[in-house]
Structure formats: structure tokens, C-alpha cells
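Order as written gives the chain letters A, B and C; numbering starts at 1 within each chain.
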Amino acid sequence: VSAAAQPSAAASPPAVVTFLSDYGLRDEFVGVCHGVIATLCPSARIIDITHGIARHDILGGALLLASALPHMPVGVHIAVVDPGVGTGRGALALELGDGRVLVGPDNGLLVPAAQAAGGISRAVEISRSPLALERVSATFHGRDLFCPVAARLAAGTPFEQAGEPFDPARLVRLAMPTASIEGSRLRADVRLLDGFGNVQLAARAADAEALGLRPGDQLELLLADGAVHGARFVRAFAEVPAGELLLHEDSAGFLALAVNGASAAERLDLRAGRQLLLRRGEPGAGLPASAGR
Amino acid sequence: VSAAAQPSAAASPPAVVTFLSDYGLRDEFVGVCHGVIATLCPSARIIDITHGIARHDILGGALLLASALPHMPVGVHIAVVDPGVGTGRGALALELGDGRVLVGPDNGLLVPAAQAAGGISRAVEISRSPLALERVSATFHGRDLFCPVAARLAAGTPFEQAGEPFDPARLVRLAMPTASIEGSRLRADVRLLDGFGNVQLAARAADAEALGLRPGDQLELLLADGAVHGARFVRAFAEVPAGELLLHEDSAGFLALAVNGASAAERLDLRAGRQLLLRRGEPGAGLPASAGR
Amino acid sequence: VSAAAQPSAAASPPAVVTFLSDYGLRDEFVGVCHGVIATLCPSARIIDITHGIARHDILGGALLLASALPHMPVGVHIAVVDPGVGTGRGALALELGDGRVLVGPDNGLLVPAAQAAGGISRAVEISRSPLALERVSATFHGRDLFCPVAARLAAGTPFEQAGEPFDPARLVRLAMPTASIEGSRLRADVRLLDGFGNVQLAARAADAEALGLRPGDQLELLLADGAVHGARFVRAFAEVPAGELLLHEDSAGFLALAVNGASAAERLDLRAGRQLLLRRGEPGAGLPASAGR
């Protein structure tokens, strides 16, 4: 029998397990989860998407998972932002149209990523999964439930053995940030803030086009508190002087506010969920009375 | 000769090296240690338990290593919290009853984990180990001593070649936090605080039982400064309203104080080493004069 | 055919890709880059040197990369500190005399590491590399350009296919911190600060010798603002009482100021680029009028 005729563990790429959470890196939580995965699936490559999601920020975790997932190898993808741990909230494994498997709580965290990756082909409820650790604590389902189930799926356990069939139509879903064109104005929710204070809006390049914005144009921002700001629509931060506000299409394909060399979130006192209005032109004259909430 | 009859590098799981320290992740210290390990044991899987131990907090590192180790694959386990680096303090490799090897300074850091993992079967002093780098600096023994010794042991060097035989009875040991039942009260030391402000006590579920506590019961806390607080004994954070204090059995099996959605450590102004008293019942009447130090 | 006669994927060490940046770990940037690398080079071992470089601190990143690189296995080494992303700044892959490949922006970041690792044998400009992702954003070249090029080189693509030949003499270079002996004094720039406030100077043990300093000697520091401090020249932090200032040869082979158990950077209000003067002796008498800038 030739070597080529046999399946070779060495030649096939390793199973991939990705991991996103709000655990932070100060404590041992992430390390312990890595240990559990490596114990149950010794060949797994583990990729930490991030563990810096703001504590209990389900929507922020969901949006960031959706943005990051297309850049990951196809594998089993764990996400844990889980304020309802230990209560009756459900736990899920989702098989997606593109072959990925998502594992996490049934609180909306997994849905935007699933929709962006081919939709859900099968779902199982894993709260009492036979693939979990023998004893599941009330507070650390990352260690006791989500990572063991994910590791065993990555190691080859068939998907349907992870839990009970579950109708994807019954998944908990979150309200998503939105944007809309209203005449000459764009009304947009703040979608995500990053650690540098860049403010991603729930709007895309097509919305800038709809406003008639071209690179180099000046635009006007109206915030919910009535404050008015000017900004320039550019392609790169360095196109405006240090300290000035800009709007650009960010690397995830969304319109985003930034300050060259500083934090736009601080400058504008913005956070996720806030809404603002944008239009083309110099800031100042003829403003609407309010930008909403 | 069939493939099955031969040892197969591809089929055997990779050598595991875990790493815990107080180095933090801002600097290159952890990255450099990974480089050293990967150079000397290219097949090693490296798992970072955490590098967020408070600077020079030997006891905190020791307790956390003991909690995390059971979740790690069997391997070589490096721990470095080392205020005495460059002085005459010893350096050790310990072979444990369950097959693990621990590597780190002789300052008490390794002992609780060793005791929890089958006890020490053999010990070697590695301060002048032939497995260290050629030149050992006075300040970075993680890079120059502990990681090289660990990596070479992970790569298959026999344990006894790492250093001189050492009597485990001579290991430096730390005073451990304790708890005791005193009549109707539990006196307990604070054991560990995590990054969310959860306060782990040196007491277990059996101690709660000894107080007659059942899930849902109210209890009274008395702090060393005389302050009195009420808390509820529950299984999950979400069983109390946001902002309220609770006592629960945490995921490591210890009783822990927490605030749903906030920091118990801040609320109670507690830190590791502090002592407190608990008893069943509404807070207020008939208190002892003092909770100790 | 014996197994030994065949090239074995299992036996050869995995391709190594190291990664240094100012991205931080709060956001998904580093995780996404890992995903891209693992997608394009599934067998790569990825080592994070650090992602804690101060935002846009090109010189700090360059010096730290040069210090860390000798401890890394030979591989492909990505560095991204890139305030000019999206502007016309160049992008490079450099093949070094010792077999390493460096990938990053042409802003000086790669040069000190290249010089320390055998010099540059070949360079290619990769701004329009066929190895990049199909669509390169204006702001995230780590994901779209540097990591894909590095991963494909690690996977075996020949170096010359990464871009257009580039004359190494045309590389952007940074002014380096320096030190000089002036009579009985050492004038030294601050080189790097670490997260514990240790202050590395652009001076080496030979400079201490030139001042006549021996372990245990007292020395005098003169700062640019005229402040005078005493310090002791020692081998290990623990040789001075807690809270006292010391000078020692650090683990990278540079003279460094430190405070046992605290931050020398805070104590002395020093940051990178500042200059100071040192000489042997008790602090106080006969000082020069100024330490320079």
C-alpha cells in the first residue's frame, strides 16, 4: 500500500477552532479554554479573534464576529458573550451554508455571522450536550460547554451528536443598527467603536454616493445633542491634518468617523447605539432641529 | 513493516508547553519566550494560561496555576512570578505524580499546583542547568533558563539531565489562605480576585452547608473594618437584580462574592489576603465585635 | 520504500511567521491577521512578538523588533507600525543574510532588525504584490498586504515573486538613539521604556566600564530639566532596597535605569528620545550646567 493511497494526518491541514469572547486576557479564562480544546482535539489550531469585547456587549460581539469570520479558515467558531449564563438561556451549535460551525449562547450573538456566511443549514440545542464536560458549572460555560462541544466537533464528532435538533426560526435575534437616506441627509446608527476611537457607522459606500459625496468633499455632522461638526470625506487618515475629523470607508466596508492621530469617539462623545445625521457641504446653515435619540 | 507498527510523528499529539507569568502582554517578553521555546522544540504547542498575574504576586500566581493546571493537557508547565530573579533564589523542575513537569523559581509558586496534581515524584535544581541558554542574564530567567529547560524537556531530554537532584521537602512554601467554621459563622480569607472584581474566598460549598445556607438564603457579611453587608446565596448571577451582592460557588469550586454587573472587590474594598466573616440570616443584629485583621 | 527515504511533512518543523504591531489586543485586528495567515499557510506556526507597541511609534517598534528577532526561529517576520498607511509610502519584503524574511512598511521599521540579522541580501517592493489579497483597503494593510505576502512566502512562494526588485540603499531609515563618552560623563539617549517603567539607555556595559563603574558603585544622573538623582550600579534589582533607583545591564545588553518595585520612568519623568548624563560618584557637586535637550 503506497503512502499516497492512505489518508495522511500530516498532509491535511489541522482542524481550526476560533474563539471570541468578553473574557479579557487578565485572568486565566482564555488559557483554560485553550487547555480544554487542546485536550479534546490535540491537533486543533486555535485562533483568538479577540477577547476584548466589552463585558456583556452581545451586539458588539455579534457585529465583530460577523466582520471577522470571513477572514478565518473554515472551522468551528466559538463565541461567548453571555450575561445570561446559568439562567435558562439556550445554547447552540449552528451548521452554516459554507461549512462552518458556530457554537455559543442563544442570545443573538451568532446570528449576524451566520447570515453573512451562507445562512444556517442545521441547528442543535446543546445545553445538555453529551459532548460537554461531565460537570457543567453555573458560571463558566465557555470552559464546560462551548469549548468541549466545539473541540469534539473539530475532532470529527458528527454535528447531529452535539445536541437536540432546533428550529433556526426560533433563534433569539438582536435589533441591528441601521442607516437610511432621508432627502439630502444620511441618518446612521453608530455600529462599532474600536480601541483607537474610530466610530463605525451602519452605512456603506453606497450611502456616501447617495449623498453625492466624493473624496475630498466637506461634510456636516449633526449629533443627537444638537452639536454640529465638520469633517472631510477621504480615503486615508493622512489626507487630513493631524487632529482633524474625517469620514472614510473603513476596512470592513462601512463608513467610519475618525480623527487623524486621536479618538473620534472621545471628540464627538459617541458610543455604540447613538444616531447621527450627515450631509454634504460646509457645516453651519439650515440644520434640522434634532438628530433623533 | 506496516505504518501502524511504527511510531508516527504525525499521529502522536504535539508536546504541550504551558506558560503563566506576570510579564503582561504590552512588552515583548512573552513573545521572546515563545520564540525560544519554538526554536528548541519546534513541534511544541504553547498554551498561555495567563500573563496577567499582578506584578510579583507569587501567591496569586500559585493559586491560579493550581486552579488552571487540571484543565491543561499533560505537558511541561512553566510559571514565572519571580521578584527574586538575579539573587540566590533557587530554580526548579518538578516531576509530578500525574506525569506533568513544572518549571519555575523556588519561591513557592509551583507548590500548590504540584500538590493538586499528584504530588512531587522527583525534583531537580536547575540554576546551573546544562539545558539553559549559554548566557543567563541577571533579570530575564524566563527567556534564558525556564523556557529553554522546559522546551528541551518537552522535546524529550530526560528529566534527570535538567539539573541536580533536589529534596522536595526543602522547597520554599507559602502560607495558604484558609477558612474555618466558628460556631454559626464562617471565617474566610480572600483567595483570588479576578479582573471583573469577583472575590473568591478560601472556602467551599461544604462550608456553606455547614452554615446551613441553601440557595436563595440571605446572609450577612462582616468585614475587618466593621462594615456589614447583606448578600444572597445563589447559583447564578442573574438570580439577583443588577447591582446586588451575591455569594455563589464559582467555577473553580470556591465560594465567591460577586455583584451582578459590577465589581464586588470595589463595592466591598476587598483585596487578596483580607479576611471576613459570613453567617446565615438578615444583616444587622447581634454582630461580633471584629472580623479579624 | 522506507519511510526514512521519503520527505516527511510531519518531521520537518513548521513554517514560522512572527508578528509585531501597534494594533493592541482589544480589537479583532490581530485575530483577523492570524486568520489570513492560517488560511494561506495552514501549517504556519504564528508567534506574536508583541502588539503593544505604542500607537504609531515606528522607532520603538523598530528597536524592539531588533531586540526580539534573534530569539525567534528563522522564518518570515511581519512588522506593522504604519501611520502612513493609505498614503504613498512603500511596502517591502527583505531577505536577510541569515535566511530570515522581513515584511512591512518602508518607514524605517524593519531596518535595525535587518542590520542586526546579517544585513539585507535582496529587497522587493510589494505595494502592488501579486501575493496580496485581491482588494487592498486604504487602512488595513496588515490584513490585506503584509500578512498575505508573508504567509505565501512562508508557504513556499519564491521571494522574487513577491514584488519588484528594490535597491536596499533607498530604504527609509530612522535616526537612532545614541550614547557617547564625554570626559568622565556618559551622555545617553533613552532608547526604550517597558511596561514596568524600566528605562533602557542607548549605552552598553562597555560604556559603564569607560566611566570606571563597578558593581556596587554609586553614580549620579543629570536630567535635561536640571534634576540630579543618585543611583547604584548593580547586577540585580534586589541588590537595592525597594523603591531605590538603580542602573544595570538589562537582558538585551543595554544599560537601563530601574526602581526596585516601581517605575523609573515615572520617578524620573523620562520618555523615549530624552537624553541624560551619568557619571561615577555621589550625586551633588560640580555639575555641568545642562544635560542637553
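In the analysis below, a contact is a pair of C-beta atoms (placed from the backbone, for glycine too) under 8 Å apart; a residue touches a chain by one contact, two chains touch by 3 or more.
Given the structure is predicted, the values throughout are model-derived calculations rather than measurements.
**Q** Considering chain A as a copy of chain C, what rotation angle in degrees (nearest 5) results from a C-alpha superposition of the former onto the latter?
**A** So the copies are related by a turn of 120 degrees.
**Q** Are the two sides of the chain A and chain B contact the same residues or different ones, given that same means over half of the numbers occur on both copies?
**A** Both copies, chain A as well as chain B, present different residues to each other, with under half of the numbers appearing on both sides.
**Q** Please report how many Å separate the Cα centroid of chain A from that of chain B, as a whole number.
**A** Taking the mean C-alpha position of each chain, the two centres sit 32 Å apart.
**Q** Give the residues of chain A that touch two or more other chains, as numbers and ranges in rising order.
**A** Those would be 3, 8-10, 25.
**Q** Can you list the chain A residues touching chain C in their complex?
**A** 3, 8-11, 13-14, 16, 18, 20, 25, 45, 47-52, 64, 67-68, 71-73, 194-196, 235-239, 248-251, 261
**Q** Considering the complex alone, what residue numbers of chain C touch chain A?
**A** Touch list, chain C to chain A: 6, 8-10, 24-28, 30-32, 34-36, 38-39, 42-43, 55-56, 83-87, 137-140, 143-144.
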